[in-house]
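The first chain written gets the first letter, and so on, giving A, B, C and D; residue counts start at 1 in each chain.
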Amino acid sequence: MQILTRSIPLFITAVAGVVMILSAFFPYTSDWGKFAGQFFNILAAFAFVLGGGNLLKLHLKKISDQRPGWAYSGVVLVCFIVTLFVGLMKIGAYPNPTYPNVHFSGETQGSGSMFWWFYEYVFKPLTSTMFAMLAFYVASAAFRAFRAKNFEAILLLGTAFIVLLGRTFAGVLATGWIPPDSAFSGLRLENLSVYVMQVFNTAGTRAIMIGIALGIASTSMKIILGIDRSFLGSGD
Amino acid sequence: MRMSTIQTTLLATAVCASAGVQVVLGSSTTSWLAPPEAPTNLVANDLPWDGGGTVQIDWTASATPEDQLKGYEILAHELSVTPQEQAVETDEQADRAAAQQTESLLEGEGIAPEDARRQAELSTPTFATPPEDVSEWDSLGIIPAVQTTYQATGLNKDGVYIFKIRAIGLEGEFSAPTAASGEIRPVAAFFNGRKLPLLITLALIAAAVFIFIVLARRGMPMRIRKIAGLEAVDEAVGRATEMGRSILYINGIQDMDDLQTVAGVTVLGHVAKTAAEYDAKIEVPTARSLVMTAARESVQSSYFSAGRPDAYNPDLIYYVTDEQFGFVAYVSGMMTREKPAACFYMGSFFAESLILAETGNSVGAIQIAGTANPSQLPFFVAACDYTLIGEEFFAASAYLSGQPDQLGSLKGQDVGKILVGIVIIIGVTLATLQAITGSDSLEAAVNYLVNVLLGS
Amino acid sequence: MSSSVSEPMTSAQRAIWAIVCLVIVLIVVARSFVGHGMGRVYVEPKPMDFVAEVSESADGESASTVDWKQLPPTEFAAYVAANPGTETISWVEYDQVPPRSYFAQETAGGGPIVFSWPRTIGLWLAAFFTLAIFSFLYRDNPFYKFAESVVVGVSAGYWMVVGFWDTIVPNLLQRLLPAFSKEYLTPGMELPAGGFDMVNLVFLIPLVLGLMLVCRLLPKCGWMSLWPLAFIVGTMAGLRMVSYIESDILVQTKETVIPLYVQGDNTSSTFMLVWTTIWSSLAQILLVIGVLACLVYFFFSVEHKGAVGKTARVGIWYLMITFGAAFGFTVMGRIALLAARVEFLFDDWMWLIDPMQQREFITASVGLLF
Amino acid sequence: MIKLLENLDRRWIFLAMALCVSVPILVIGLTGVTFPETPTPLAEAFFAEVDRAGEANGRQANVLIALDYDPASAGELSPMSASLVNQCAQRGHRMYFISLWPVGPQMIDDSIQKVIKRFYPELVYGKDYVNLGFKAGSEQVIKVMGVDLTAEFRTDVEGTMLSEIPMMEGITSLEDFDLIAEISAGYPGSKEWVLYAATQYDIPLVSGMTGVQAPQNYPYYPTQMQGLLGAIKGAAEYEFIVNAYVRENIVRKMLVKNGIDDETSRTLASDLDQIPTWTTTAAAASMTPQAKADLIDAATGATPGEFLEGQRRMGPQLFAHLLMVLLIILGNVIFFAQRRRGGSA
């Protein structure tokens, strides 16, 4: 088991990592990199299957255990299976006009198909409304969490104000009286917000990026060399 | 290498401006009205040490003076193979045929393998004759008359090209084109020389990390500064024990291929160990099934090393759903019901950071967060008691594990930062001196640093 | 801070909420009886008719080939009448049209545009789901739980379907089963010479790894998923190591190598020249100082004391400004998303506003509101 | 008062936010009035980069348009895509649509339906624009496309082989594109395009993104990313520039079509307000009354609502931002009042 669960995976990791690094420098090996990339993309599609399988397993268990709210698990399952069936079978999808005799030749999400209907009237409103809820949470967080506790917090809030006001018409209203070509035009809110973004934000973000890149480089190296193997399930 | 459009425009304007003077002054002569002389000695070569697709073109300037020229137009034509050859050329057989030819050439003439391959490939197909009329050729652009060299980029690596060049007078009249260059295939070199600085940087950073890991394994003490957020872990776990409530640990919402998730699992190991020592309950809902597996392994070994294997309960570490907002909806609901005393958010977070931190705040938990996603940091910084910012988060996993390997790699990263700092300080000093003095040699030094050492 | 969410509401507050809900319901009910109603979708049918054109192969040995030709509806009827026994394929596609076109057709007295039941039901369902999710803001409730279950189920299925048709079929099946794919799935593909390209056998590797990944679902075979996981982590590590060093270290360092002194560009007066010189030089100086100070903050080998501590503190200031900017921008984004949802409710569903000029503007609905 | 605010139920805040967003939408929707936009240099750079695509290579530009977002972020990003497609179509660029997000193909479809089908019906699928659809694999897809585009994209979204699509001729890798225009909602998105395409192959890249991403992408501008649109504000500014450009271009084309010489058309198109008076002058005598009416309509008529989405949304944005500022101030007033009383914070 040790070979199957440790040695071989570590070997695969090392080979895959080294191939990707080499393909960046040696054009003749870029084909290897290409294959590795294509394999990865296919695996990424298989990962969706794994996700779906996990979902099925979890909710079937909930239903069979009759846990509280198991009826909702039933809703999840029905929706999952119907979407899957409608999409894989291309129910109601029109074939490609060049090959009208081949049922599967058309666009999966083509307008008018059942799958498109699910997207347009179920998936789209639900996910975008979920996301839109954040506007409300942001407001409540602003009221409760953003406190000028110390100098650092004041800097954070001050910048947030400049950006919030400078990026709308409020900025023009508040500081529009400063002539645009005078010595103090930089103090107009809309210009100030650009200045803050290009100087302070760029400096901070740049340092964060350099730091993270170093962190990623060293973690990657540890992974490829087999020093860091926590992703295989344990720290040692 | 590409010249910016602004520069080109400026040059063109400058050329035009001087031309205006010329027209007024030289109105008695009519030399500028006649088409300019053609440039000569056109030579095209595949650029060595590149990733392919680039051809270096050199020529001797036209006899017409520079200030009477608008520039040179570079013309390229990709040769198409004649129909009967096309069938062969399209698949692997062509490569095989070329390889055989290469071998025979290598045996016979002893030339460099790369050139041999190119020649072999060139000699196999016969090409359709290029059009006589240069207007049917592709124009790669017009470059200022002061230049006598050009790099044609973005060509098809497998294509075969010939080039011509012609001068353009101030009124847009063309000289006769030069004779066509030889047939060039812009092949990829064995090593992409333009990436050499990158390779050196990579080697330096990798070496620094590696050396410090080795030193650490040999027992050299590695001192790392205190990380404020981590000092609070014990406090948070202690408080949870006192209050008799649970600890919630969220490992981000990305899968194990994200390095932040990996770092989060390492931190989880430490938190779980503290929890085991204090006998506090720790709950870990995950958004990915693979993360659940890794988290179980990690927590289990922590309970073992804390000497409390009996207290380990795998059911408290469970998978919820991959869907971002589905996961958040579940976790926030759970938080309102169970009111954990301490919440840890360690990993890759997106929009859900705010919902989690908000809900955690509303149930009055001590919150410690760590992420390298800068967009989510403000919410964590504002709503949590402690936040590990960016690289600190990666460092935390190393710091907590206390393993010599991890600490060594942290030192290696610091070497990287010193290097970056030194390069910036030297570069900025040179550039500033150059800007003040306007010295040419300093300018050359800055250009070398920026364009060669730090890549194109 | 203690939570106020769980505190019971006073009856006055309840009353206000009830009134808010009542007003919304009233508007919706009234709106559906005014003018052309609301939330209806109209479509225009577009017949698609094809006939088979059989051409005998030249040598008479291999099978004859069938080409499908699309004909306009008028020609199609004539063609079928003229050539009985021809194979035909027909279906009708529907294009959504703005309600304006339907109203115009009604006034003109007839035309092809029809009311679409499936799409209208869909639109009302979408509106229901939107409101169901928003209802969570008041409190957790069955409508929300239902909507949440639906989104989990549909999204998981959606991803699988798209992954299958857009990646598995063209990049795996077409390579491993070319003949099958051409026959049933992607008739447009070119078959490789000899029906199969041996190079593509290499794609058995991702197939096997993919199946091993799915083995995670089986209790005894969980370990098999470690191999594809190792592959995923390995390629990602290799890819990211190189590109992050190039893009985020080399290029970002290069971008920071800038002169601290910049000549101003406003030459209208000496004062403005000096002023803009100071202003733009200051920007460069602040930028360089910021990058260096933040790097010091991220330096782990030295304690934050003395000079290092002071520099690190400057670094924190920069980071806080960065976070403030990030906060401001995030807020912008979230509000735009909410605005889009509200526009959906007001425009597509309730037909209260009409920014895209899809309908005749109904003043009656305006009167209802103001 | 403070006591009341301390225990304020957050549902009141939610209600305030709902009103701040919905009332301006209603008012703007009914009146059609939007706030004036003043474009910042970033939006102008974005426009200019798209405008000059292909010039360096002296050909009709091949623009790779990557729409990497989903309906959840469409509120911020669809105005950007609409204007981007509008500009490319007007400028005559060839458009290659792809997406790295599973629901991206729908976003592509929306843009095609909303802009190309409606306002540029003369453009031909397969010749002027093509929809290559979605591919799983995030940055790996970009990486493979850099080497060999056809290895990753074998068919278009309808299942037609690329070899049968005329505009795919000569397109083998990322390097064959003159510009990458990218609209991004997260990962994979602008950062990945910078890392794996723009930096590696030195291809001009312009990117529109959600507000969340904008601050992290500022350091890439202008070297690795030649244009950047951040959040709905960026969208509104860009929309404003493109609308002006499109209007000017249409008017100029109309004038040239009616036999007015190039020079005059250009001057007239650059100052649209004078068109109505100009049509009454002798210079316009050659035009038919119908042509004149069309011209005046093109010059001064209302912009289609599709291309005002971003500017419309700046209304609710303003009031919501003011609410946010107010809430933060209010929150801090309570905080300091509590602290003075000695309560714990």
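The working rule: a residue touches a chain if its C-beta (ideal position, glycine included) is under 8 Å from a C-beta of that chain, and two chains touch if they have at least 3 such contacts.
None of the values given here were measured: they were computed from a predicted structure.
Path length between chain A and chain D in the chain contact graph, taken as the least number of steps between touching chains: 1. Looking at which of B-D and A-B shares more C-beta pairs in contact, the answer is the pair A-B. Farthest from chain D in terms of Cα centroid separation is B. Chain geometry summary: the mean Cα position of chain B and that of chain C are 26 Å apart. The centroid of the Cα atoms in chain A and the matching centroid in chain B are 19 Å apart. Chain A and chain C have CA centres that are 11 Å apart. The set of chain A residues touching two or more other chains comprises 21, 24, 30, 37-38, 40-42, 44-45, 47-48, 50-51, 54-55, 96, 98-99, 105, 109, 111, 119-120, 123-124, 127-128, 130-132, 134-136, 138, 140, 142, 144-147, 153, 156-157, 160-161, 164, 167, 197-198, 201-202, 205-206, 208-212, 214, 216-217, 219-221, 223, 231-233.
Annotation for chain B: residues 198, 202, 205, 256, 259, 289, 293, 321-322, 325, 351, 361-362, 374-375, 378-379, 381-382, 389-391, 395, 410, 413, 416-417, 420 touch two or more other chains.
Each of residues 8, 10, 14, 17, 21, 72-75, 103, 105, 135-137, 140, 143, 152, 159-160, 212, 215-216, 219, 231, 233, 317, 320-321, 324, 345 in chain D touches at least two other chains. Taken as a contact graph, the chains are fully connected, with every chain touching every other chain. Looking at the complex, you find that chain A touches chain B at residues 21, 24-28, 30, 47, 50-51, 54-55, 58, 127, 130-131, 134, 137-138, 140-141, 144-147, 153, 156, 160, 205, 208, 210-212, 214-223, 225, 227-228, 230-236. Within the complex formed with chain A, the residues of chain B that make contact are 50-52, 188-192, 195, 198-199, 202, 205-206, 209-210, 213, 255-256, 259, 262-263, 265-266, 269, 289, 293-294, 297-298, 301, 319, 321-322, 325, 351, 354-355, 357-358, 361-362, 372, 374, 378-379, 381-383, 389-391, 394-395, 401, 405-406, 409-410, 412-413, 416-417, 420. Interface of chain D with chain A (complex): residues 8, 10, 13-14, 16-18, 21, 35-36, 38, 40-42, 70-75, 103, 105-106, 109, 113, 135-138, 140-141, 143-144, 147-148, 151-152, 157-160, 215-216, 218-219, 231, 233, 314, 317-318, 320-325, 327-328, 330-332, 335, 345.
Residue ranges of chain C in contact with chain B, taken from their complex: 1-3, 5, 136, 140, 148, 151-152, 155-156, 192-193, 199, 216, 222, 225, 229, 232-233, 236-237, 240-242, 245-246, 249-251, 253-254, 256-263, 288, 291-292, 295, 298-304, 319-320, 322-324, 326-327, 329-330. Taken together, the chain D residues at the contact with chain C in this complex read 7-11, 14-15, 17, 21-22, 25-26, 28-30, 32, 72-76, 78, 102-103, 105, 133-137, 139-140, 143, 152, 154-155, 159-161, 163-164, 194-196, 199-200, 210-212, 214-216, 219, 223-224, 230-233, 304-306, 308-309, 312-313, 316-317, 320-321, 324, 345.
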